[in-house]
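Next come two complexes, and both contain subunit A; in the first it sits with subunit B, in the second with subunit C.
The block that comes next holds the complex of A and B.
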């Protein structure tokens, strides 16, 4: 170990005396720090903006004047997906998925307003985040700093000299890995610091933040040992560099996109337009819940009349129109739920396919840890859609109950012709404030940590494999010395 | 310094299906210089690698100060200093840092005064001790490497084409140093193409052909020290033979 430390010190001296290496490390450090700061600031602004929008939307809803409750069903409301404390580190699918939902009766709208759609085209090339810097750029810098670490020794003949001083190939591999690992640690430092600050600001997130830090630590170590092994195995620096750039392209660029493409082909997802058409077709078969005499609701009408022992709806102790609206909403919601389950199942299957491909790319595994830890993954988005739909249904049914219980049937039937009846169908504005506010319950830190265990194990497997490869590469070094 | 010197006994080394060394035997007693000559591919460097323990020996034995590299690699590396053909010290380190580094790797601590003394011995000007090697000439690099070899204070020194690329004055200085080292009891095995240099400093000259020691000449106590005509004829024949092969 003493010799490995000496070798690491000499390698670091070379890196820091070589201006190119020093500039590279400083550039990555700055990039990482800028990414951490800007991403955190961007997310803080976005968090504030969504919270402000939600507060304003709720206030506007509650400020509506006395109205017919069904008009409030159509007035609707907006919900905004809140941003978790660690999303500044890893925005995940947040910039691509919609973050805002318009909730109204009879319809389940798609999430809209995503950063990619709302911002300039530059956003489509990816936001500069600590996660992006670590997943994509840091390995590239490590490759440039490390590809010739060992090829340089055998091409210049110093390998032979080192071996004659008692240095073993294992010492050399370990020493070079220590030096490159230290550079990796420097590259990780701003990101780890950002995670630490986020964890201090939100102690409940400390476990998830620690798991993310561990994931990135493993990821960087995989690159460190992989680069040193490649440098030991390659015949020349040029061969090592070309091989490593090829591997980087595959791991960081091709595999993640290829995995998504593969998942899309194996488990195709209907387009939103096609799904909407299918939903519309099924909705038409459900009848018009605005019309209490629609033949589709005849059975419901007969059942209700029988339940209350009356022969006509005017004798019911409530407004039958409101009851039909509530029944119609329950039926359409069941239909929406059916399509949501299909969508979620397909998306989860796609996600599982991508997870399987992570065996071929540690970049996918670290991204999964990052997104799960930060709560910016598919599960969080589906949870938001699910809870938004539950909130929409509860809000609409609350208004339908007001329609059913607080409005007389006669006034309701006559309101389009009789202005006085119309006035009487308006109910007090204080009822709107009784609609519960949307409170998104994100996945708990514990659940997110559990979701990150499988990709952590994948990274541990990768690390063990590259360490074995590095150990094996030590065997060929003695032959390289000749 | 003294010691048991270097003893190669009937060494056979295979690389693939080819015998690179075929029963090489030679002895370098303490305080003597052995110059090993031969054409390209004769097996001279392979003999050094076998002594260093970098190559596994198929049969026979190499003994470095009485120790076999196959069984006591660490002890052998502590007893042997090696000067490669191309000085492979680090260009980003100064002469002093290079020496410090390789001595530390070998587990040897030397004082600043000892290092200064070694630099003085190899005639490396004090002004350049803290300059990076990237600014050094080949001769200055060679001097740094020799200073390192001196500081290692090993009983055996292996030199691979040590004067290649050196100017006549630097070569002369180098030979003077070798003789100084020899006088301290170091056993020196020098692989070289430089017949005249070998005649100047060696106690024994060996000629290798196809992995074997074809001829061997011992220095006489008279001038000239060697049978120059015989040596030149054998050496030229060996080189022509090797080229035609």
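The block that comes next holds the complex of A and C.
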């Protein structure tokens, strides 16, 4: 071990003297700092803007004048997907998915207004975030600094010399890994610092931040051992460099795209327009509120009349129109839920397929940990959609109850023709404030940590494999030197 | 010419080069297959929705005997069919809808709708031919070029090679050309097969091919220039990879940050909300005044009699349009802001060849931001056509018959050129 430390120290001294290595490390730190600062500032601004939008939207709802409750059903409300405290580190899907959802009666809208549609095509080349710097850039720097660590000794003939002084190939591999690992640590430092600061600012997020830090630590270590092993196994420096760049390109660039294509092929999604139309068609099968003889609504009427022991809807103790609205909304909402479950299942399966490909690419695994930890993964978006729908339904049914209980049946029927009846169907504005506000429950820190466990294990498996490879490369090195 | 073929022969005897080029051709073939499949899927989705919409409209026709009911309940499909070359450069087509259903109601609340895609799949970007060309082909060129001179120097042959008569024209030039030729041969025929299957026009195919040659030419010249320098093989490889990384990943991401910071756009969510406020406020405003404001935009309808009832469809559709008018300037500002961001990206592309080629690809394949906004413009024009079709029935008591329901204008996907 002492010898390994000596080797590491010599290697680091060499790197420090080489301007290229120094410039590389400084450039990476600079980029890390820029990425951390801009990404954090941008997400903070987004968070503020969505919060402000939500406050304003809720205030507008409560400030609506006395109205017919069904007007409020159509006036509806907006919800804006909130951003978790760690999203500045890893924006994940946030810029790629709609952030604003319009909630209204009878309809389920799509989440709209997404950064990706407000940006030039440059955005699809990648975003400068701390996560991107660590996932993509840091490994490349480690490759440049480490590919020739052992091939160099080999070429110069200093390898045999070293081995005769009692240094074992193990010491050599360990020493070089130690040196490259230290560079990796420097590369990680700004990100770890950023995560630490976020954890201090938001102690409930500390567990998730720690898992993210662990994930990136494992990821960098995988590259460190992999690079040293490649340098030991390669015949020449350039062979090591080229194969490492090829591997990097596959892991960081090709595999994530390929995995996404694979998932999209194996589990295709319907277009939104087709789904809407299928829901409409199925709805018509179940019950058509435009058809006066519709069996579903006729049965509902008969059931309601029987329940109250009356023969005409005029004799009911409430406004039957409101009750029909509520019944219709419940029917529609059941279909929305059914199709949403299908959509969510397909999308979750797609993401699981991508996760499976992380067996071939640790970059996918580390991104998964990163997005799950930061709460910027698919799961967060699906929960936003699901909770928004629940909120929409609760809001509409609250208004339908007002429609049923607070309006006279005769006025309600005459309101399109009789201005006085129309005035009487308006109910007091203070009813609007009683609609509960939307409170998004994101994935809890515990759930996010659980979601990160499988990819952490994948990374651990990768690390174990490259460590075995590095150990084996030490044996090859001994055979080659003798 | 014989020197060229000799060098091609040498190149194809190197195992690493053959591997790299074969892999590139294989990935290009895969990307073309994926792209063609994607385009076919989008086309199928468009015809599926058009069919489903017909059934939906037939069901609405049964009860929508008034023009107002038809205008309110009936959706009309609009679509943005993929151009033949979209398979090679999918651009924004994965995140923006290829098909949208539109009603004669206020448009601002409809036109921003999104496709129901999985954002985790959009995040890494698409595996299309443009990706293989712009990201992967340069790496293969780097592999073929980095030790062109330094390799000979390190083997001790460089001095004698340079001393050969006509070394430039008989040795180095054919060597460079052979590498360029082999990579071109791995990519261009694959693209042509795709273009043939998708039925792309000759002019676009030639333009696209020209762009492929330009990009490969750029990297060939650059790699040869670095390789000819004094650096050793590993240094050259590292320098080339760094430059590739800097101009295909770092520079675009950095430029995007700068463009967004310097080109603000209005909050899209605010446009939606203000549109809604303007539309719904009308329920509590003086109805006659609302109609008067509407008649300023449509004086030909001003002869319509005053409202008799608290609710009439004509008033309803009048304030829908006023709602769009209310946010028109904001909405225009939003769209021009996005277009300005894109124009600035075009300026950045002047300095970054891969970006310039990517943008040109997307332009020819009609998958860029401009193509998306052209689709939105067609939707806007169609929406105007649609609402003005209903106006005479709503305002001027023109009788609305089932034949009029069927004669509603249909969207045309012909590119407005």
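Before moving on, here are some points about what is shown:
Please note the rule applied: the second predicted complex is superposed on the first by the 465 of 482 C-alpha atoms of A that agree within 3 Å, B and C clash if a C-alpha of one lies under 4 Å from a C-alpha of the other, contacts with A are read in each partner's own complex, and residues count from 1 in each chain.
Everything below uses one rule, namely that a contact is a pair of C-beta atoms (placed from the backbone, for glycine too) under 8 Å apart; a residue touches a chain by one contact, two chains touch by 3 or more.
This structure is a prediction, so every number in the text was calculated from the model and none was measured.
Look at A:451: by the touch rule set out above, it reaches neither subunit B nor subunit C. Looking at the shared chain after the overlay, A:10 reaches subunit B, while subunit C stays out of its contact range.
Of the two partner chains, subunit C is the only one touched by A:97; subunit B is not. Once chain A of one complex is fitted onto chain A of the other, the partner contacts of A:369 are absent, as it touches neither subunit B nor subunit C. In the superposed model, A:212 lies in contact with neither subunit B nor subunit C. Of the two partner chains, subunit C is the only one that A:258 touches; subunit B does not reach it. Contacts of A:277 after superposition: subunit C is touched, whereas subunit B is not reached. Once the two structures are overlaid, the count of subunit A residues touched is higher for C than for its counterpart among subunit B and subunit C. Judged by the document's definition of touching, no subunit A residue lies at the interface with subunit B and also at the interface with subunit C.
Interface of subunit A with subunit B (complex): residues 2-3, 6-7, 10, 13-14, 17-18, 156-167, 478, 481-482. Contact residues of subunit B toward subunit A in the complex are 49, 52, 54-55, 74, 77-78, 80-82, 84-86, 88-90, 92-93, 97, 101-102, 104-107.
Residue ranges of subunit C in contact with subunit A, taken from their complex: 16, 27, 34, 37, 41, 45, 48-49, 52-53, 55-56, 59, 62-63, 77, 91-92, 95-101, 109, 112-127, 131, 135-136, 139, 143, 146-147, 233-234, 237-238, 241-242, 245, 248-250, 252-257, 259-260, 265, 267-270, 272-273, 276-277, 280, 283-284, 309-311, 338, 341-342, 344-345, 348, 355, 358-359, 362, 368-369, 372. Chain contact summary for the complex, subunit A toward subunit C: residues 20, 31, 34, 38, 49-50, 53, 56-57, 60, 64-65, 67, 71, 74-76, 78, 80, 92-93, 96-100, 102, 109-114, 116-128, 132, 136-137, 140, 144, 147-148, 237-238, 241-242, 245-246, 249, 253-254, 256-261, 263-265, 268-278, 280-281, 284, 288, 290-291, 343, 346-347, 350-351, 354, 371, 377-378, 381, 415-419, 422.
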